[in-house]
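Note that the chains take the letters A, B, C and D in the order they are written out, and that residue 1 is the start of every chain.
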Amino acid sequence: MTTSPRPADAARTAITTTTQLRAIQPSPPVGPVERAGLRDRLRGLILPVALLALIWSLLTDWRLDAWVFGLPALAIAAGLLLAMPHPRRWRLAPVPTLLFALWFAVQAVRGAVDVALRAVAPRMPLRPGFRSWRTALPEGAPRIVLANAVTLLPGTLSAELEGQRLVIHVLDAGLDHDRALGDLESRIAAIFAAPLPGREVAA
Amino acid sequence: MISMVAMVLIGAGALFFLAGTIGLLRFPDLHCQLHALTKADGLGLTLIGLGAALLAGSVGDIARIALICAFAALSGATCGHLIARHARRGDAEGRDV
Amino acid sequence: MTPDLIYGAAGLAVFGIGLWGAIALQDRMRRLLGLKLCSVGAGFVLIVGAWREPPAAPDPVPHALVITGIVVMLSATAAALALIRRLHDLEAADDRA
Amino acid sequence: MSEPLFLFDLLLALAVVAIAAAALLVRDAFAMIVLFVVFGLLSALAWVRLAAPDVALAEAAIGTGLTGALLLKTLHHLRARGMAGWEPGAAAPRPVPRAVASLNAGLTLAVVAGLGVAILGSPLRVTGLEIAVAEAMPLSGVDNPVTAVLLNFRAYDTLMEVVVLLAAIIVVWQVERGADAAPAPSLGPIWQGFARLTLPAAAIVGVYLLWAGAEAPGGAFQGGAMLAAIGLMLLLTGLYRPHPDHRATARLLFVLGTVAFAAVALLVAGAGRASFEYPQGHAKTLILLIEGLVTISIAVTLTALFHGREPAALKGELRHDP
């Protein structure tokens, strides 16, 4: 944060600090790993480390002598994964994931074309504004995927994710974004096989 | 033939970069500019990556290009979110005072 | 006009701009940035000196020298920035006293 | 006009010069740093054009990325303590006497003119040392000429370079002491998801750059810079907090590369050769060993340079602050 707390801005500084404190609260605590959870976490490492090993092999053209450096690299990566606060593990459903990837590719192209046309149109049709969306997706990876996907969808940009509330900046406030967001949400729920209880839209 | 397709893809990617830059210059506020940067430039890079992958000689090169595009898209979305979040919070604080 | 002439002139200009900034500007960080520009300008001249007409490979020795220069410049920049921060803290303390 | 890339070269060179001037002249300090980063990246692009990809990588990662991070950190430090002249829209600096200003400009012009004459007077595109390097390449143990020069033919330079880095961290730790009390900014759940995916992959890419340096652009400095970027992220997000107890380990890691480098030189010299005349057949092993340890040192030292303050306990130590 690059705000400048001059003496005159004491009030502003106080507000900054409280915002930070409030923001720090919900983040998961970073502490020593409990013994019972350790085995579970190590098991959770298998898939990411296998994926990273695949990346290493692709980068080095499957050369065996490269593993002299590949093993330390994997050790560093595994250490980083262990050091980070660990979220809940999710099982991905393969067919919905593939469908989502295809649908999302089309949507991302549509989003880019949309914003490009707005940029070059002489009248520049913009009616920017913020909207709030209460997501029914569970915490963790599904919400992160939702926020990042929203950014690449036509006309929407995620600006805040706090608990269930997702604040979205839209290029055209006159359009109906609720249907697109609901569609996106149910597609993401299908990927993570997460139940989606009745959702409501916040003001 | 393949090189023709690759050239078309790279040219289209460059056009999206151009449109993104025009958006960056013309759009009225920071949030709208972020729309232009995250979406148009992201697709521009992906198209250029596709074109380069068609011209690439080996599987390793294609994998490298795919990795670059995937991480660029991910970091584009994340950076867009972080900047929008920071700017929005700054605005909110300004209004409170 | 060949690339080496164009970029050689650019490197010389960057060096000149940096030198002027280092001696004529008053702000400490800007002076430091001027010195950094000098080092990049010198890097341009060395790399231009190492360049050969495309089929021929460039001379690797100046390249190694420039890499060394970049790391040394970063070390100097880090030390200078630490001094700037410290100087500023001491000045702020003087002002309060 | 025969060059197909003539227009590209001209535009890029003009952009580099214009942005360099703009970075020094722009009023806002944050804009200055952003322009400097753009300048560094465009310079790296020009160096790729001039067939120097190793240098371009080093400039982009170290000369621009890490330097930019250091500048931003310092700006944050100065602004957080309310330094006059660093606020956006601050008053113009005191005016300089016209004689001094013209003297400065004249001096600069004279130096640049002298250098220009010297450069134009020297023959361009003559054969330098590349023939000698190419002839010695089979003996060097690696296939990338730049790495061969850095770690074999002119290894003295590189040893001294690592020592300079060591000197820099000694200076910074001496100048700034005390625990950094600034709270880590909270970047939210999106950032955490990003870090989980990106930081391990960055570790893989960093070590890959080190390994690739033997035959393609890359090497200890580029790989070390990539790993240092992970260190910066860990520091910025508070995932790693420096503690006074970590100082011994940190010091050990700072000197690891220098010690390994010097030890190899001494051992080789002890066997009756010149200091960096690696024995036949072992050159590649020795170079990779040195590079690996030097990379660790570079990564840790660069991270510590970014953090700045020595994580020292303040009690019982001399402090000049009131």
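Heads up, the rule we're going with is that a residue touches a chain if its C-beta (ideal position, glycine included) is under 8 Å from a C-beta of that chain, and two chains touch if they have at least 3 such contacts.
Predicted model, so just to flag it, every value in this text is computed and none were measured.
Number of steps on the shortest path from chain B to chain C, with steps defined by chain touch: 2.
When every chain is represented by the mean of its C-alpha atoms, the one lying closest to the mean of all protein C-alpha atoms is D.
Chain A and chain C have CA centres that are 38 Å apart. Centres computed as Cα averages put chain C at a distance of 11 Å from chain D. Here the CA centre of chain A is 17 Å from the CA centre of chain B.
Distance from the chain A centre to the chain D centre is 31 Å, each centre being the mean of its Cα atoms.
For chain B, residues touching at least two other chains, in rising order: 67, 74, 78, 81, 85. Each of the following residues of chain D touches two or more other chains: 75, 82, 188, 190, 201. Multi-chain contact residues, meaning those touching two or more other chains, do not occur anywhere in chain C.
Pairs of chains in mutual contact: A-B, A-D, B-D, C-D.
Touching chain D in their complex are the following residues of chain A: 1-2, 4-7, 20, 23-24, 27, 30, 48, 52, 55-56, 59-60, 66, 68-70, 72-74, 76-78, 80-81, 83-85, 87, 139, 141, 143-144, 147-148, 158, 160-162.
On chain D, the positions that touch chain A within their shared complex are 30, 75-76, 79-80, 82, 86-87, 183, 185-186, 188-190, 192-193, 195-196, 199-201, 203-208, 210-212, 227, 230, 234, 238-240, 288, 292. Of all residues in chain C, those touching chain D in their complex are 1-10, 12-21, 23-27, 29-30, 33-34, 36-37, 40, 43-45, 47-54, 56-68, 70-79, 81-86, 88-90, 92-93, 96-97.
Per the touch definition, chain A reaches chain B in the complex via residues 1, 3, 9, 11-12, 15-16, 19, 55, 58-59, 61, 108-109, 111-112, 114-120, 124, 126, 128, 130, 147-148, 151-152, 155, 157-161, 167, 169, 171. Listing the residues of chain D that touch chain C in their complex gives 1, 3, 5-6, 9-10, 13-14, 16-17, 20-21, 23-24, 29, 32, 36, 39-40, 43, 46-47, 49-52, 54-55, 58-59, 62-63, 66-67, 70-71, 73-75, 77-78, 81-83, 85, 93-94, 96, 101, 104-105, 107-109, 111-112, 115-116, 119, 124-125, 128-130, 133-134, 145-146, 148-150, 153-154, 157-158, 161, 164-165, 167-169, 171-172, 175-176, 219, 221, 302, 305-306, 308, 320-322.
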